[in-house]
Amino acid sequence: MARLPLIGDVSHVMSDGLEGLDHNFLTARVEDLVKWSRARSCWPATFGLACCALEMMATGAAHYDLARYGMEVFRASPRQADLMIVAGRVSQKMAPILRQIYDQMMEPKWVISMGVCASTGGMFNNYAIVQGVDQVVPVDVYAPGCPPGPETLMHAILTLHDGIQNGELTRRRTASNGGAGIHLQAPDAPDEQPVELGTR
Amino acid sequence: MSDVAEQVTNPMGPGRTDLGPSERVYRRDETSPVLRLSEAEAAVLGGSPDDPPTDDVADQRMILNMGPSHPSTHGVLRLMLEMEGEAILRSKPVIGYLHTGMEKTAEDLTYLQGPTNVTRMDYAAPLFSELAFSLAVEQLLGLEVPTRATWIRMLMCELNRVSSHLLFQATNGMDLGAVSMMIYGWREREEVLRFFEKVTGLRMNHNYIRPGGVAADLPDGWQADVRRLLELIPPRLDEYDTLLTGQPIFRGRLQGVGIITPAEALALSATGPILRSTGYAWDLRRDQPYLAYDEVEFDVIVGTHGDSFDRYAIRQNEIRESLRIVEQILDLMPAGDYRVQDKKVTPPPRARIDESMEALIHHFKIFTEGFHVPQGETYAAVESPRGELGCYLVSDGGPKPYRMHIRGPSFVNLQTLPHLMEGGLIADGVAVISSVDPIMGEVDR
Amino acid sequence: MTGPEAGGVDPEAGAPDDTAGEPVGPSAWGVPVTESFGQVVLHPPVDRWLETVAACRDDGYVMAIDLTAVDYSAHPGRTDLPEGVQPERFEVVASLLSHATGDRVRLRTQVPESDPVVPSLFDLYPGTEAMEREAWDLLGVSFSGHPDHTRILMPEDWEGHPLRRDVAIGRIPVQFRDAPSTR
């Protein structure tokens, strides 16, 4: 199954998906078509948790229309969704469920962290809130705001679409191994120091 | 006080004394509609999927989990349902998926920062939480808020009630299948949020009502904006009536679904539209007036049957009553200060900081350390769109609350859920959750 | 700016006469009464908690609006307790409302740290079920006779009671890093 005429080596498509193609002049057209269609019909999963969920619904409503980007269908089933917009604060009790929903989504999948609570824990730096959903799932775009207005959310979505369309996001996912976990480095220290959360 | 006493002596209306049965809310055993099982016990009860099927009736029962990630549970509410076929026998709402530790955070924030915290509890009607907190702080301080500030608060709160009930109409319609209702409800809500953005700077979570008054005065031309809202929304409400209220499918799905008696609602401490849908007329705006509600005229809407249709109709008409109050406020709004002029509590205007050392010091003290509130404890309650929203505040004389507890109406109203869903189908369960209109931010805090 | 008035102490013998401005009903049950910013506050001891609440209920207080607990271990010292009431670490505070008269009453009982158990109000007011679970979950005050004495807000396997004053807020230090700007 290794070499097809004109398209080239396809033995890595099964494992790497679009990135496994041979990247010649013919596959470039196919890749562009696939990336264009992924960006244009990116269906969000309903993961509205708190106040940001109301702004997310407002973005999907008539005034700030998400349907013009092909995204008005918020799929309740993660199997049918491409994009998880984590809208709201993630509590300790909710974090395993967030990860479970993320794992149930099919590749390729993207995550927008909407609002400051989802991005960094926001104004709630305490025992109950996970300080950033990137502790739990890998995030592609962060949208700041408390709550981010519909325009900010749309800017985040369009940034994501740009990243999907020029291939940047699929490449980043491979590089970071698709996993969560962040490491912070003090400027002078030679070793990496992982962030230690409070003990349970 | 005596007028109020006469009014409220019989909330059920003249001549009516029967509050209905309430025996099932006191039950503790398996006959209670509340399923009191922990996760481990539920797992044991479920048995293994490999067990051979039996004819035992009790074996037909299953425990189904609904949520917390579910399109129809209004946020992160999880329900454990004990079902026989499609009928719900017992249920247990499991909450805590949005617990934010706000009461702990409140002990870490000054009284001026407090509204930013409480406003995010009930995020559909944030101004009410700010109002309850500010009223409690002002009671402890012994502050007298200027009349214009009081009327501005009333205007903003009634418009917030309108936007919250519009949200209810939208989500209620969508949960029952009238998906276009979602678009209509949000369309009207956008207009109200646009006014809020003009006045407070934010569409949601405004941090506008602060101890001492409001953060800023109403902008010029606000009367025109409010008048525009008053002309825009009532015809749209009539559209909703055409779409929903008279429609047989909508009525069939809501009438007779999720019935609760007045005695049960009282025993379960339910307030707001749930209590009023049973025919029990209790509304804090009329019966324990705060702000300036005793100077405006409005009706308290009550239902008759205590079912979900009554709750829908109550909220629909409460929008009309709120707009009626707003129209009166337009004419009656007094001139004056929008914030109490006590220098220890209100920061000075920015221009004064360049001129006066004293103003600079006050500004510095208020924004870094915060103003001190004398020792004491108090409880202040307001009527939010979901029921009685109260703030119990304990102060130790310092700049931060010692203990702040918010009595969230949805937290208490959720206790009615198993009783409303008993005996219904899952589809009825969805209608019932929607009619209770919980906001999980104030349930979990 | 006035502080709370810690006045109006009724003797334990329960004389039904009232001090100025206080209703006769609750004070007739023989528990100390104070007034806090115009609100009537009763201070029953823990062993008289149930009977005092039942008496209020019979007196027309049909609704239990709120039940919560407070941890006073970091408080400089309460000044609004009447004489004869021994301050303890925890206080359980219940607010009741009478619809017929529009009156509210608040009951505060002192709960010692060594034995933080209070009788549950479930049989009088089933609406206190969730409120008592929250007080147990966040502050560690137990309610004897509660039908479902489990955590409600924190995960079931959480250890500790977060709202107690000796538990830290759990803030994690925010580390800033010299991130190169992309613009």
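A, B and C label the chains in the order they appear, each numbered from 1.
Note that a residue touches a chain if its C-beta (ideal position, glycine included) is under 8 Å from a C-beta of that chain, and two chains touch if they have at least 3 such contacts.
What you see is a predicted model; the values in this text were computed from it and never measured.
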Distance-maximising chain from chain A - centres being C-alpha averages: C
Pair of chains joined by more contacts [C-beta pairs], A-C or A-B: A-B
Rounded Å distance between chain B and chain C, as computed from the means of their C-alpha atoms: 23
Inter-chain centre distance, chain A versus chain B - centres from mean C-alpha coordinates, in Å: 33
Between chain C and chain A, distance of the C-alpha-averaged centres to the nearest whole Å: 45
Interface hub residues of chain A, defined as touching at least two other chains: 92-93, 126-128
Chain C: positions in contact with at least two other chains: 154-155, 162, 169-170
Overlap residues in chain B, where contacts from two or more other chains coincide: 96, 99, 101, 104-105, 444
Chain B-facing residues of chain A, complex: 46-51, 53-55, 57-58, 61-63, 74, 76, 88-89, 91-94, 97, 101, 123-124, 126-129, 146-147, 149
Chain A partner contacts - residues on chain C that touch it in the complex: 154-155, 158-159, 162, 167-172, 174-175, 177-178
Interface residues, chain A side, partner chain C - complex: 92-93, 125-128, 131, 184-187, 195-198, 200
Chain A contact footprint on chain B (complex, rising order): 68-71, 75-76, 96-102, 104-105, 116-117, 120, 123-124, 167, 182-183, 186-187, 189-190, 193, 203-205, 440-441, 444
Sites on chain B touched by chain C in the complex: 1, 4-5, 8-11, 25-26, 28, 34, 36, 38-39, 95-96, 99, 101, 103-105, 107-108, 139-143, 266-271, 282, 287-288, 374-379, 381, 388, 390, 392, 394, 396-397, 402-403, 405, 407, 411-412, 414-415, 444-445
